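In what follows, chain A forms one complex with chain B and a second complex with chain C.
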Partner chain A sequence: MLNLIQTEFMKLRRKNFIFLMMLSSLLMPLLAVFYFGAAKKADITPMQFYKWSAYSYTPWIILPVVLGILGTMLLYDENQNDMLKQLWIIPISKLEYFLSKFFIVFLYSVLFMMITAVCSMLAGILPGTIPFTADSVSYLFLKCLEIGALAPFAMLPVLAVAASQKGYILPICVTLVYTFLGFILLMVNMYVHPLSSMTAITIKDMPGVVMKQPVDLKSAFLCIGIWGVASIICADVTLKKRQ
Partner chain B sequence: MKTLLWAERMKLRRSKIIWIALFSAVMVSVIVYMQGQFLFQGHRYVDEAGWFMTAAQSLGSIYVLPAIIALMGSYMICREEQDDTMKSLRLIPVKPSSLVGAKLVLAAFMSVLLYAFLFIITFSTEVVLHFSLLKAATILNFLKIYLLQGICLFLAMSPIIAIVAVLKKGYWIALIFAEVYSFAGLFVGMQNTARFIYPVTAAFCVSGYYESTLPQLLTSILSLFICVCLSLLILDRLNKKYNS
Partner chain C sequence: MNDTVIETKQITKVYGEQTAVNRVDLHVRKGRIYGLLGRNGAGKTTIMKMILSLTSITSGEADVFGKNVKGNEKQVYPRIGAIIETPGFYPNLTGTENLEIFAKLRGTTKPRAVQEALEVVGLPYRDKKIFSKYSLGMKQRLGIANAILHDPELLILDEPTNGLDPIGIAEVRDFIKDLSVERGKTILISSHILSEISLLADDIGIINNGVLLEENSMATLKKKNGKYILLQVSDTAKAALILERKFHTKDYSVQDTHTLHLFDTSLDMAAINKALMLEDISVISSQLCNDTLEDYFKRVTGGEGIA
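And then the complex of A and B:
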């Protein structure tokens, strides 16, 4: 398994686009600068600023889309270059192959959110919009780490779809629809869709967020867990069938 | 050009992309309908006549459909390189700019088709939900908004599709860019002046979703025209690249 992960890292060195995709983590911090700059409010709290720059649309829309495209790219490129046959000849376990890809997505997600955290902090503090407080900054980094760690698990169904397909069109469309569905279901039912459940977990203890009903952590983790396990099993089965 | 368009149409028949795009439109409708079940001041959103048609068009045009349009356009262009058929096409010979031009025309048609399909779904749902409340003028206005949104959104996305033709394997980054570009429209739409300039929100203005004065409408048309010029410039560069 460790060898597979190491190989995945070596393959990443040839994919410059993956690093360019990281630029999308700057979008919400930049928008927050313009939004709060135009508002000219004197009493903007760090929590208000970070809610805009890191806790809202980044985990709801941007990060899932980026992770979906990354997962599809990792799995599709191997199919396109006809490398998969050689990997099966070695042989390597289908499950380990899938999990090595997931591990890359996981690390990328954590790194993406850490960059978002750093940029949010700089975007708020450097123009003087918010004061630097150790509490808010440590909370920001912990929350971003939490989002970065949970998002790949919530995106496992998309990764499973990408593993089951030879092309990239369906997984990309599924990524877009899946993300949109997760975003809309936030307001309807949080425990059906893994992305909505991820949001439920991350906003549970967030100051200033008022929920209609108290967040049920068990249901949220159960939702992510069921979808995740089902996705891993489906990916394993479809990869074995394709062989 | 006619032959190229015919050939592109025949190629698309073998591809699943049309069905996948139509499936996305169905899913957008289903998801927006689910959102319509949300209660606001004791009433469901979907109970209001016309809400579903408005919400499906606006939400779909911000979150899902622009990326789908960019995906369709970039797929049609990139598949020649991926399937290694570009060499054969060059031997015929086919002018690369004409080839990409034909693909763009077909992608524009597909974009309108996608919106027409979305209109059919939302209109049928509205007929089932509030038949007695629907007026012919309102429906025709929605039809105009949907079809214009289809073509205008394609024009707004055309520079991204054209960039894909220049960049090798650039469709991944183009997809991310398309999503970020359309998503940023959500925030630009809040600004009174910028919404008429930013291409994605300018498409909303030209289609009639946003109420606008004549100068604002002309600004939006100019913004989309600049997008088209930018695409043509990029395609011209592609032509020179192939010729050299």
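And then the complex of A and C:
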């Protein structure tokens, strides 16, 4: 498994698009600078700023879309170039193969959210929009770490679809539908869609956030867990079937 | 002692209503090169995929090193190097980087394994050219390098010279021969190019429309089918009658009204000529010929020849 993960890193050489996608982590912090700069309010709290720059559209939309594209790209080359048969006769376990891809998505997601945290902090403090407080910054980093760690688990169904397809069109379409569905279902039922459940977990204790229904952590984790396990099983089965 | 490395027992593959491979019994012996010869679409790749358990077998059994591959992958696969169809690699990486990935995944301990494999196939080590910029021939060479990277006992090569130039084909052929002769590797190679198989293989299996028509050693095949007497006469029908009446043989085939092939080469050519002339049949020529493998292939496959 360790060898598989190491080779996953080796495969990323010259894949500039994957690193360029990381730039999208700057989007919301930059927008926050312009938004709060234009508002010219004097009493902006760090929480208000970070909600905008790090806790809202980044985990709801940007991060899932980026992770969906990343997962598709990681699986695309081997599928498209008919490389799987060469990997299977090494031999490599289908489950370990899938999990090694997931591990890269996981690391990428954590790194993405850490960059978001750093940029949010700099974008708020450097122009003087918000003051530096150790509490708000540590909360920001912890929350971003939490989002970064949970999002890949919530994106497992998309990764399973990408593993079952030779092309990239369907997995990308599924990523978009899945992401927006998660956003919409957040207002309806938080425990049906893994992305909604992830949002419920991350905003549960967030000051100033009032939910329509009380957050049940057990149900949220159960939702992510069930979808995750089902996705891993499906990916394993489809990879075996495709052989 | 059983020296059969690959043994298939009545393996059959059915896709929907089409039978791609029909009850094939294949026997690849240790240290020998087995050439699987057949037209495009004859079922060669499917047989190889079934042997490697890359596709399910509809019925029958395929054993490698005395074991069914399915369920014994961890024991059997490390002893095999294979190229099936066009070898695919990561397009954003160089040949060296690609092989380093496979070496790591295989747990290859030899430090110069990648360099040596590339040297064998004539590709540069640590070159900056990425795989997507490779020519078809270079891709094929890299595929072979990957197959021999871990020094396997058995090589399964599906049309390994596809896309290579004539010099490249000769180089790969020599290299495959060396692997078998000097290092004692067992090799199963498929091709639709007759000359290639005839120059390389110790044993040959002729497959057509998914059916293994003949399996024999190349030596036996040459002995059995190599020679015949070519008779060019004024009337083949009359000549055939004389052969049957006077020489008591039916081992001939009439090619056209003037040409006849007599496969019983033990007969006295002078006596045949004399007998024909006495019956007023003009003998334009009579000579001992060697049947080419292509002629034989045509005969075995019912005249279809090779693609």
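Things to note:
FYI, the second predicted complex is superposed on the first by the 243 of 243 C-alpha atoms of A that agree within 3 Å, B and C clash if a C-alpha of one lies under 4 Å from a C-alpha of the other, contacts with A are read in each partner's own complex, and residues count from 1 in each chain.
Simple rule for what comes next: contacts are C-beta pairs under 8 Å (C-beta built on N, C-alpha and C of every residue); 3 or more make two chains touch, one makes a residue touch a chain.
The model shown is predicted, which means the values in this text are computed figures rather than measured ones.
Of the two partner chains placed by the overlay, only chain C lies in contact with A:Pro91; chain B stays clear of it. In the overlay built on the shared chain, the residue A:Thr133 is in contact with neither chain B nor chain C. Of the two partner chains placed by the overlay, only chain B lies in contact with A:Leu170; chain C stays clear of it.
In the superposed model, more residues of chain A are touched by B than by the other of chain B and chain C. Of the two partner chains placed by superposition, only chain C is touched by A:Leu4; chain B is not. By the touch criterion stated above, A:Asp82 is placed in contact with chain C alone, chain B being left untouched. Contact with chain C, but none with chain B, is seen for A:Arg14 once the two complexes are overlaid on the shared chain. When the two complexes are laid over each other on chain A, chain A has no residue in contact with both chain B and chain C.
Residues 49, 52, 54-55, 73-74, 77-78, 80, 82, 84-93, 97, 100-102, 104-107, 130, 146 of chain C are the ones that touch chain A when the two sit in their complex. Those residues of chain B that touch chain A in the shared complex are 16-17, 20-21, 23-24, 27-28, 31-32, 34-35, 37-38, 59, 63-64, 67-68, 71, 75, 82, 169-170, 172-173, 175-176, 179-180, 183-184, 187.
Residues 3-4, 6-7, 10-11, 13-15, 77-78, 81-83, 85-92, 243 of chain A are the ones touching chain C in the complex. Note for the complex: chain A touches chain B at residues 17, 20-21, 24, 27, 31, 35, 57, 61-62, 65-66, 69, 73, 80, 167, 169-170, 172-173, 176-177, 179-181, 183-185, 187-188.
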